[in-house]
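Naming follows writing order (A, B, C, D and E), and every chain is counted from residue 1.
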Amino acid sequence: MNVSTPITSGRRLAITPRVREILSWYESDNPGTKGNLVRLLMTGKLAGTGKLVILPVDQGFEHGPARSFSVNAPAYDPHYHFQLAIDAGLNAYAAPLGMLEAGADTFAGQIPTILKMNSANSLSRLNEDADQAVTASVSDAVRLGCSAIGFTIYPGSDRAYAQMEELRELANEAKSVGLAVVVWSYARGGTLDKKGETAADVIAYAAHMAALLGAHIIKVKPPTDHISLDAAKKAYEKGKIELGTLTDRIRDVVKSCFNGRRIVIFSGGEAKSDANAVLDEIKQIAAGGAFGSIMGRNAFQRPRDEAIKLLDDIIEIYAKAA
Amino acid sequence: MNVSTPITSGRRLAITPRVREILSWYESDNPGTKGNLVRLLMTGKLAGTGKLVILPVDQGFEHGPARSFSVNAPAYDPHYHFQLAIDAGLNAYAAPLGMLEAGADTFAGQIPTILKMNSANSLSRLNEDADQAVTASVSDAVRLGCSAIGFTIYPGSDRAYAQMEELRELANEAKSVGLAVVVWSYARGGTLDKKGETAADVIAYAAHMAALLGAHIIKVKPPTDHISLDAAKKAYEKGKIELGTLTDRIRDVVKSCFNGRRIVIFSGGEAKSDANAVLDEIKQIAAGGAFGSIMGRNAFQRPRDEAIKLLDDIIEIYAKAA
Amino acid sequence: MNVSTPITSGRRLAITPRVREILSWYESDNPGTKGNLVRLLMTGKLAGTGKLVILPVDQGFEHGPARSFSVNAPAYDPHYHFQLAIDAGLNAYAAPLGMLEAGADTFAGQIPTILKMNSANSLSRLNEDADQAVTASVSDAVRLGCSAIGFTIYPGSDRAYAQMEELRELANEAKSVGLAVVVWSYARGGTLDKKGETAADVIAYAAHMAALLGAHIIKVKPPTDHISLDAAKKAYEKGKIELGTLTDRIRDVVKSCFNGRRIVIFSGGEAKSDANAVLDEIKQIAAGGAFGSIMGRNAFQRPRDEAIKLLDDIIEIYAKAA
Amino acid sequence: MNVSTPITSGRRLAITPRVREILSWYESDNPGTKGNLVRLLMTGKLAGTGKLVILPVDQGFEHGPARSFSVNAPAYDPHYHFQLAIDAGLNAYAAPLGMLEAGADTFAGQIPTILKMNSANSLSRLNEDADQAVTASVSDAVRLGCSAIGFTIYPGSDRAYAQMEELRELANEAKSVGLAVVVWSYARGGTLDKKGETAADVIAYAAHMAALLGAHIIKVKPPTDHISLDAAKKAYEKGKIELGTLTDRIRDVVKSCFNGRRIVIFSGGEAKSDANAVLDEIKQIAAGGAFGSIMGRNAFQRPRDEAIKLLDDIIEIYAKAA
Amino acid sequence: MNVSTPITSGRRLAITPRVREILSWYESDNPGTKGNLVRLLMTGKLAGTGKLVILPVDQGFEHGPARSFSVNAPAYDPHYHFQLAIDAGLNAYAAPLGMLEAGADTFAGQIPTILKMNSANSLSRLNEDADQAVTASVSDAVRLGCSAIGFTIYPGSDRAYAQMEELRELANEAKSVGLAVVVWSYARGGTLDKKGETAADVIAYAAHMAALLGAHIIKVKPPTDHISLDAAKKAYEKGKIELGTLTDRIRDVVKSCFNGRRIVIFSGGEAKSDANAVLDEIKQIAAGGAFGSIMGRNAFQRPRDEAIKLLDDIIEIYAKAA
């Protein structure tokens, strides 16, 4: 699909065959949840393509305001991010409670929102039993008109089972009121070392667990070519699964999510000054069959014009891959 | 009973005297739960025999997708397992939330499903206080049209009492809405060593506890001839209970479940390349009075044709033993 | 009262003055709970005497099936115990959830049942913080037609306060739906040594706490002549309380339960091959004013005929003491 | 006010101006709670004076039956204490669940009762994280016709915040159903040493916290002249607050409870053989503005006649101070 | 705006444009919560200016009564603080449950109140896992006619996530019943050293997290020029954010709260004998764009006349800055 066609007026488009196909994978959901998946897939420049680019702004919670916003001062204002997501033609905007409350009325109905339900912060010293605070309720998502809830789990952490149980309750409630569920699955804690957190086998495993937990949309980091678990290494060799390129690894992650029956998107990683480095990575990700990107710091820490240009280029890549 | 009779159209069969007898053991259950036990016992090639072969697919959660599915790539797709269970003429299909959601509509009413309510994973380092995350609710089982919930306990673990209390609540709720309760009882954790986990006395004890906790169907591993607890050793000697062969030990486990008044089934153990080794074990298990097998990796990690052949042979063994 | 009078058709007897007296002690209970106390006191050969002999079968949970039942194989069957309690003319039968579910229909209305709500097991290594899993709910007791719930506390354990709080909730709910509450009070854990668990002062203290917690019927072990706490020793000396014989000590325990205003019964202790040793102990217990015995292993681990003979002899002792 | 006036027929007295004044301090309470405060203040020989003497019997839980009752054997009977409180003309009787249940009908309406909601025991080894088991519910207090709930907190303990949160829930519920709230505030645990538990600053602090937590009536131990916290020492010196005599210290405690706007009563301390020693202490306490005493062991561990005489003398002291 | 205009009859004033502007930032709140924000902003001498001075009295809980009140004895009386806040023309009075209950009727409708929901105390030794006891419920705030709840979090503490989850539940409930939410955000515990607690980056981060958690009003301490986290230091340098003066740092904190879209107020710090020192600090705080001060010890630990004079001077500073 060519992005130059006027898909920016996406919400008026009829549902495309590709979106219908994607919806067909969510066999157990009620019309409310399916309606919100439609909203996410039929908004913005990528509307109808089955691809998504989402703006997440939870960096303030994770790293504090100065590290998040001082490099681009207008970003201190919650309205900035709503507007950026709208103007860049993204599919959705994801943020913690306060950030969405601060623009809920001004931007009502203009872009699907995802309420990020839990957050960690850099002041906490908890590592092996890494956790996040659950900072919002499903009733908050409903009153704020959100399309989905977002929840992070840390598979590998000593607190991972407790987190999964929190997710069980929130996801069950969210589905019952017609919301979609987005899961950030980041392996961390326990005996996992830094390198293992983004190992190819661990990323695929983390994504698979999110799918098993009932996520509609799964977000993971782009995997490296490291393999962390010995037993997994043998399996990859025996199954002759290619992991040499990022594209190979993305393909393995997508396959690990119900053989492509779940939407998997990838984070943009740490802020990079070189936009081309970002785009090169996205191309490889898109080539692997990714459903899109969720791009935070690489978007809002750039000057607005540069950010919109970069997001446009990313959208173009996904539109071509659609 | 000869398996060549056309029992594959099992659901249209009248309830057999043997199934009526088995139902009579569940004296406290409401018609809803009895109806689901009938569904489990009157489906597939073994319908009416009082025997069951069930396909469980929770390996993805336990070991990750590559270790589970790379050896037989179509198995990445959740639909594959529904279809395998139906085509092989099994009694039921058991899986975690996401796996069932992904085929809930396509396969609705075609095979009884068991929602696996809790799962562990290989990224966790918790051992002596081994636990699982509860990843689904009874209301999920209801909305997905399941016949039963499945729950794992780890007797011996420092978390075992907490797990039993989770099971109490879920089983009480499940029974009240007419679902059956399947308990995986795997001794693990605390001071128990690896050998003790499958010791004859420990397996029988773990199965007995599941029965005391109100399980309708109990799943344990096939026991070895090791005896773990000294006090149990004396009791076995004093009671002159034979444990020399696997068949002896299976008989002891079945007796330990209310003298045969509860359905006890056995896991297929680790994946074996040699189908004959699998069948030899099943023969001994069946000879001991087992009600059936729950066969995961040995089924879905084989090419589909081989898997169906193996499952057919297993069904034949149980049909003969009925 | 002479046991040769035909009190075995106990349930048709009018309530005796002694039972009326006992009922008068339970000043705060609703008619439902009083009705169930009547059922417990007006059933079996001791009906109307104010004495009770109860069969408890939770050994399978505590010690495993082989140690519990292999010495008398018919006892593997849950029906065996219902029938034994009925045929021996006992007042009630107490067991965990699964055991009662397995005979709930066959024996409905034939003998009062006590649902044992929590259980420990021999696979657990938890000692100083000894605990039990709560394995049933009050709604289970209601649907199974039980007359009472049974609950174990371990005073002295680091988990004792949490257990007492579990009991508070269950007892409050049980009373509100007209059930009686039986408390097994076994000091254990914390700094208590093995000898202290059955010390005269500790048993009396444990029984007193059960009374304070609102128990209708209290079960403790027969106390030894050891005194565990120094402060208690001084008090016993100062108060000139005799503890020399078992009868003395039983009297002190009964007095410690609201000066005799609560039903206190004693366990039969470890299995003894010599029936006379059992009867000798019961005589001393009865002489001290005990309201009866709760006799598990010494009943069901004997051949049925011997068990019924022994229980008859025990009933005779209590009937004479009434 | 002279105690020789016939105030023993207290419940028929019109509410006195002093009681009206005290009621005016409880500005936020509903008529139900105010009615129960009236009941407490208009019962017994001190009715109408604004002073209270209360009999608490939770020693059995704290120290066991022998240490509590063997010195005065009739006290083993729960009825003994109801009758003692009535005959001595006290304002109220406080005890744990079982003790109140055992006399709830016989003594209904004859004396206001306070259901002690939590208790510790001497078998527990928990010290630095000292706690109590919550052994009753507000619904128990309601069905037993109590006027108030009683709850102990251990400020300083590592469990103190959890206890305060338990109190929050119980007090909120109690107030909503028209009950009064009595808080036993005993500093204990954490880094506090034995001497610090009764230090003047700590007692005043503990009493103040009980007031902040919403208690209607606060019970503390008589403070010594020790000061535990350095920062408090400086404040006492700077504020020129006299702590030299017990009377001074009582005055400071009363002032610390909202400048006298909350009822503060003091425990009788350990059992003393010399009645005069008890009375001397009460005189000093009364002179400091205390609203009364809560006198357990020094009452029920004496022969009944001596106890009534002692309580009469105590009442006389408070009547004179009124 | 000049404070000499008769804004003390503030509650009768029409809502000013500035207050309307502030209200417009709270986009997601219902009319009940907005009404309470109006009450807070349209009361007292600063009514209509968009500035607030609040009297908080939770020192008794934190430090005990002697350290809090002995220096100014009338302050022992809860009525004193209500009256002080009213007479000084403040916007609101904040205190724990008991303090508000003690004046709820006398001062009903005379000044907006904030129910402080949780409190720590000096007897607790918990440091790295610093916590507070939740001592009130939202239903308490409603029955006491409060305008807001107040809640403290300790970002950095090992208990911070649990505290945030408590806040989530209370804030969600408070907003649903039309109350405003004030969050005291004090970094403490974990690996944070004393100096770090008031570091410029940490204060801004703590304030930002409170905003993300959905606070309407945020209270932090005035920041020092120390920077605690290395990553933050780099960000401040890169973003060229001035932190040299207190005014600079206040500006950074205000910006960190949604670029000024949330009300941020600052505590008055430790009691200072020199009123001029207090006023100098307030001038710098006001110059940085602070919305006001919350002034406890520096108000109620002075003689009443001095306190009112000081508060008048503070109000004057903020009125000029408005």
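In the analysis below, contacts are C-beta pairs under 8 Å (C-beta built on N, C-alpha and C of every residue); 3 or more make two chains touch, one makes a residue touch a chain.
Bear in mind the structure is a predicted one, so any value in this text is a computation, not a measurement.
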Intersection of contact sets, chain C vs chain E, gives D
Comparing which residue numbers chain B and chain C contribute to their contact, where sharing over half means same and under half means different, the two sides are different
In whole angstrom, the CA-centroid distance of chain B from chain D equals 59
Note: chain E sits from chain A at a C-alpha centroid distance in Å of 36
Expected list for chain C, residues touching two or more other chains, is none
Contact graph of the chains (line, ring, star, complete, other): ring
So, in the complex, the side of chain C touching chain D is made of residues 25-29, 155-156, 158, 160-162, 164-165, 168-169, 172, 176, 187, 190-192, 201-202, 204-206, 208-209, 211-215, 229, 231-232, 234-236, 238-239, 241, 252, 255-256, 258-259, 261-262
Residue positions on chain E within touch of chain D in the complex are 60-61, 63-67, 69-71, 73, 76-78, 96-106, 119, 121-126, 131-137, 139-140, 143-144
